[in-house]
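In the two assemblies presented below, subunit A is common to both, partnered first by subunit B and then by subunit C.
== the complex of A and B ==
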C-alpha cells in the first residue's frame, strides 16, 4: 500500500472532527469564560450567585424546567405499551402504520406547536369547544399552569414516536427462542413484560430516556413556538430565559451562565449515555 | 379471539386519533373559510392555500428554505459520507474520536448560544444564511457521520478488496463499488439530515434578523404572533404549518423505507 493511502483516513476524518469539536467543546469552554464576565469586566462567579441566590425569576425558570422534565417520565409508559403492541401485533413491519404513528418525529416543533396552540384557541379551538359541552371554561392562553400542561402534552406527543421506535429496535433484537421458552414457562401479560422484555430492553430504555432528558432541558423551539415562554413567565424554562437574556436584554454574561448550567447537565447525561452505550456494544 | 381483535382495533383507533388528531384539526382549520365552530364539509375551500401561493413574501420564504436546506445537504452529505467511510473501513489513530463526537450531539446549540453568537459575529456571518448553514453542518455532522458509518459497514469489505486487486485505489474502490451498493442506506441518511435541517428554527432565530431571509419556521412564528396591527391569521397559520410538514414527511417516508441498514443509534 502506498504511503498516501495510509494517510487517507486522516484526510477524510479529521477536518470534520475539527469542525465538530470547534462547535461543541470549544464553545462550552468559551461559554464558561464568558459567563465569568459581565459588561466586558471579569466578575468571577458573580453571575452564578446572582442567578442562584438573588433572582426570583430564575427560581420560576428552574421550577418550570423541572415541571417540563416530567415529559421524560410521562413518555415511558405509553411508549412501552405502544412498542409492545406494535411488536406483538405486527411482527415484521407494517410500513404505513409505522409511517403514520412515527410521523410526529419528522415534523418541525414550530409547526406542531402551532397546531397545538390553535387547538386550544379560546375563540374556536377544539379543546375549549369540547370542554364547553361539560360547562368547563378553560383559557389556555392566559392560565400559566394550563399553558405548561399543554407544553408537556405537546412534548410527550413528540417524544412518544422516538422512544417507541427505539424500543422496537430493542424488542426486535430479542431472540425468538427466548420468547418461546418464556411462553412455555407460562409467562404472560404483565409478567412477560416484567421478567422478559423489560430486562432485555432496559439498555434501550435508558438510552432513549437520557436522550429525551437532554432534548427536554435543551428544548427551546417547542416551548417558544407555543407561547414564547408566556403567559407571564408561565412556561419560561431555562432555555427561553437564556435566549431572552441574550437577545432582549443583551446580558451575555447571564445568558452564558445559564447556558453553561444546561451544558453541564447535558454533559452529565452524556457521560451516563456513553457508559451504557459502551456496555451494550 | 374475536374479542381480542376488537380490542386491538380500539387500541389502534385511539393511537391513530392521538397521533393524527392535532394534524387533522389543523387541516380542517386551514380549509375553513373562517374558523368554524362546527365541522361543516360543505363550506370547505382551499382559499388559504391559494393565498399562500399568491403571497410573494411567503413564496420567497419557501424558496429560501429550499435553498438553505439544499446548500446544507450539499456540504453535509459528502462530509459525513467520507467520515463514515473512514470510520467503517479503516483502522487508524484517533478513531475513538468518532464515537466521542457522536456523543457530543448531547450538547445542543441553545446551551452554547452566546459563544456561537460571538463566533458568527467575529466571522461576519450574522444576518447571512451562512450562519445557519454552518451551524447545521457542524451540529448534524455527528449524526450523519455515525449513520453513514453504519450503512457503509453493512457492505462486505471483500468486494472492495477485489477491486483493489484489480488496481483501484481505496478511494476509487469505495466510490465505484461500495457507494452504489450502499445507495439506499445513504438516501435514508440524507433524508434524515434533510428533516433536521428543514425543521431547524434555533439558528435562524438567533443569527438572522433580516425578514427577507426568513425561512418557513421563522415566517410561521411571525404569522403566529400577529401582524403589525395585531391582526391574526389563524387559517393561514394552519395552512402554512400543513404545507411545512409535507416535505419533511415525504423525506420521513424515504428514511423509513431505506432505514433498515441505517438505524440511527447502533
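== the complex of A and C ==
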C-alpha cells in the first residue's frame, strides 16, 4: 500500500475533524480552563467549591432550575394528547389548525415574555385588573412562587406547539395496516393509545423529553424577560446566574463553573436517556 | 471534473497518488481563483459609486477623455465609529435624546466621511458590556458610561485615558468650564461627564393644597416627610381604596433601589454600604438596618407607599405613577424626566435649561436626608480601550458636548458647563436653585470593583425582607456575610 493511500482517509476526514475541534472541543476546553481561574489567577476548583458550599444563592438557583424543569413534565402529556387529537380527527386536512397551534412557538420568547410580564403588571396589567373584579389580589412581581408559576406557564405555552408537531410526526409514522389490524382486534380509546400508539411512538416521546429538558435547563431569555430573575432571586435559574456572573459582573471563572454544572446536568440526562433507550430497544 | 476523477478512482483507473495531486491542484486553483476574484471584486466595489453619483462621474470622465486623461481616485471607504449608548427609543425621555443626537451624528458623518454604528445596550448593562467585550476582544469606540463602574473600569483598563486629548485640544478655560463639578473629579480622566444627574423629590403643589399643606414649605427631614405623606395619602372617591399615595418609592430589580433609595438612607443614618479601608461590605451594620427599617415602615407601618409597586422597576414605580397622578411626592425623581412633566404643562422653560424656568403644578425639594446624603452621578463619555478610531471617537464626543448642542440633550441632566449655569441665569432661578443645591450636596456610589454584585445583593435582600416579612437584622447579616465571603478584599 502506498503511503499516500494510507494518508487519504486522514486527508478526507480532516475538514470534519477540524470543524469539530474548532467548534466543540476548543471552546469546552477553554471554558474549563476559565472555570479554574478567578481574576486572572489560577485557583483550581475554588469556583466550584464556592458555588457548592459557600453560596446559598447558588442553592436557590439550583432549586429554581429544578422547579422550572417541571416544564418537561407539564408539556409532554398535553402535547401528546393534542397531537393524538389532530392525528385522529384532522388527518391530512389540519394545515390551518397546525399553523394556529404553532403561533406561540414562532414568536421570539423575549417578546412573549414581555407580553406576559405586562399582562400581570400590578398597576395596569390585564390579569390583576380582571382578578380585582372578583376581589382577588395576586402580585406576580412580589411573590416568587407566583412569578415561577408564570414562568412555567409561559414556557409550557411556548413548548406545547413544537412538541405537538414533533409527536404528530411520530404518530404519522405508524403504518396504516397496524392501525387497521388493531381496530379489527377491538382496540379503541385508551387501549388504543396504551397498546398501539404509545409503544410505537416511544422513541419520539423519549427524544422529545430529552429535547425539552435541554431547552429548559439552558433557557435564559424567556425567564429573564419576565422578571429578570426576580423578585429577589425568586426566578433566578442557573442560566440567568451564569449570564449575570459572566456578562454583568465579568466574573468569567464563576460563570464558566456554572456553565459546566449545567452541562453536567444535561449530560447526565442524556446518559439516562441512552440507558432507557437501550433498554426499550 | 471532480466526479470523473472519483469515478476513475472507483474504477481503479487512477492511482491514489495521482488522485491526491489532482485534488490538490483543484484546491490550489480554487484558492487562487478566489483570491483573484476577491481582489477584483474589492476594487470593482470601490470604484462602483452609488447610482446618483455615477452620473456625475460619467460626465466628468467624458470631458477628461477628450482633453487630458486623468485617473479618478475612488471615494474612500467611510471610517467606522461604534457608539455604544443606552438611549432606548421605547422610553419617551430617551427617545427624545435619540432624536436630539441624530442630526449631530449626521453632520459628523458628513464632515469626517465616517459611519457611526449605533449600538444599544440597557442602561445598567452598558458598562459590564464594555468590560466583557474588552476580554472578548470586541472593539467599541465611543461609549456612554456610568461612574458607578469606575473602579471596575480602572481595574480592567477597559477605557482609554482621555487626558492626552483634553490637554492637547482643550483650552484651560474650557477644562475649567467642566472641572467645577464633583462628578468631573469622580470620572476624569477615564470619562468626561455630559451633565450632572441628581435626584430630588418632586411634589404636586395642587395636592399639597388639597391636603391642607403649604406648597411653599415642603418637608425638611424624614419625620416631616412621613407626616406629609400620611396627609397626602387619600381615598378621593370614598370607595374605601387609596387613590393617591403620599410617596412613590422603588424596591425593584435595578440599580435604582440601591442608589436612589437605600444609599441616601444608610448615609443619613451614618453608615455606608461598603468600607474602602477594609474593602468589605458594611450594609448590614446598624445604619443599614435602620435604613431597611425605614423602608419597611413606609409600606407596613405608615402605609404611605403603594405596596403594589414593590418589585416594579424604577420608571414604573416612580415616573409612571407620578405621571398617572397616583402619587403626590416622587422620591428619586430624576432630571431626565423634566421634559415629560414639561410636556404635561406642570413646569415650564426647564428643558432646555432656562433662567425663566417656573413651577406650575409640580415643584421640587431636596431629598430630606442629611447633607451629603443625597445621591448624585452623571452619564459620561469614554473611549473603549480596543477602539480602532479613538481620535474620531473623541471628535464625536466633542460634538455631543459642544456648547451649542449639549443643552438640547434632555437626558444629560443639569448643565455640565459652568458657563451655562451663569449665562442662562440658572443659579438665580428659584426652581433651578434647588437642583443646583442637590447637585452640590450629591455623593457617589461605593468605589468597589464589584459594584454590580453589591447592587443586586442589596436589591435581593430588601425585596426578600419586604415581601416575605423576614427579620431585618438576621437577613441582612446573612446577605452581607455571603457577599464578604466572595468579594471582601476585592
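Assume the second predicted complex is superposed on the first by the 243 of 281 C-alpha atoms of A that agree within 3 Å, B and C clash if a C-alpha of one lies under 4 Å from a C-alpha of the other, contacts with A are read in each partner's own complex, and residues count from 1 in each chain.
Here, a residue touches a chain if its C-beta (ideal position, glycine included) is under 8 Å from a C-beta of that chain, and two chains touch if they have at least 3 such contacts.
Since we're looking at a predicted model, the values are computed, not measured.
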item: First, second, both or neither for A:134, with subunit B first and subunit C second; value: neither
item: Touched partner set for A:111, first subunit B, second subunit C, both or neither; value: first
item: Partner chain in contact with A:231 - subunit B first, subunit C second, else both or neither; value: second
item: Touching partner for A:16 - first (subunit B), second (subunit C), both, neither; value: first
item: First, second, both or neither for A:121, with subunit B first and subunit C second; value: both
item: Partner contacting more residues of subunit A (subunit B vs subunit C); value: B
item: First (subunit B), second (subunit C), both or neither touched by A:249; value: second
item: Which superposed partner A:55 touches (first subunit B, second subunit C, both, neither); value: second
item: Which of subunit B and subunit C A:5 touches, first, second, both or neither; value: both
item: Contacts of A:34 with subunit B and subunit C, given as first, second, both or neither; value: first
item: Interface residues of subunit A shared between complexes with subunit B and subunit C; value: 5, 8, 121, 123, 228, 246-247, 252
item: Interfacial residue positions of subunit A with respect to subunit B in the complex; value: 5, 8-10, 12-17, 19-28, 30-31, 34, 82, 85, 89, 95, 98-112, 114-119, 121, 123-124, 126, 129, 157, 161, 166, 169, 207, 211, 214-215, 218, 220-221, 224-225, 228, 239, 242-243, 246-247, 252, 255-256, 259-260, 262-263, 266-267, 269-270, 273-274, 277
item: Residues of subunit A that touch subunit C when the two form their complex; value: 2, 4-5, 7-8, 11, 50, 54-57, 121-123, 139, 141-144, 227-233, 244, 246-250, 252
item: Contacting residues of subunit C [partner subunit A, same complex]; value: 15-17, 19-20, 125, 128-129, 131-132, 135, 152, 156, 253, 307-312, 316, 320-321, 324, 326, 450, 452-453, 456, 459-461, 463-464, 467, 478, 482, 485-486
item: Complex contacts: residues of subunit B adjacent to subunit A; value: 8, 11, 15-16, 18-20, 22-23, 25-26, 29, 35-37, 79-80, 82-83, 85-87, 90, 92, 94-95, 97-101, 103-104, 106-108, 110-119, 135, 137-139, 141-142, 145, 169-171, 195, 198-199, 201-202, 205-206, 217, 220-221, 224-225, 234, 237-238, 241, 244-245, 248-249, 251-253, 255-257, 263, 265-266
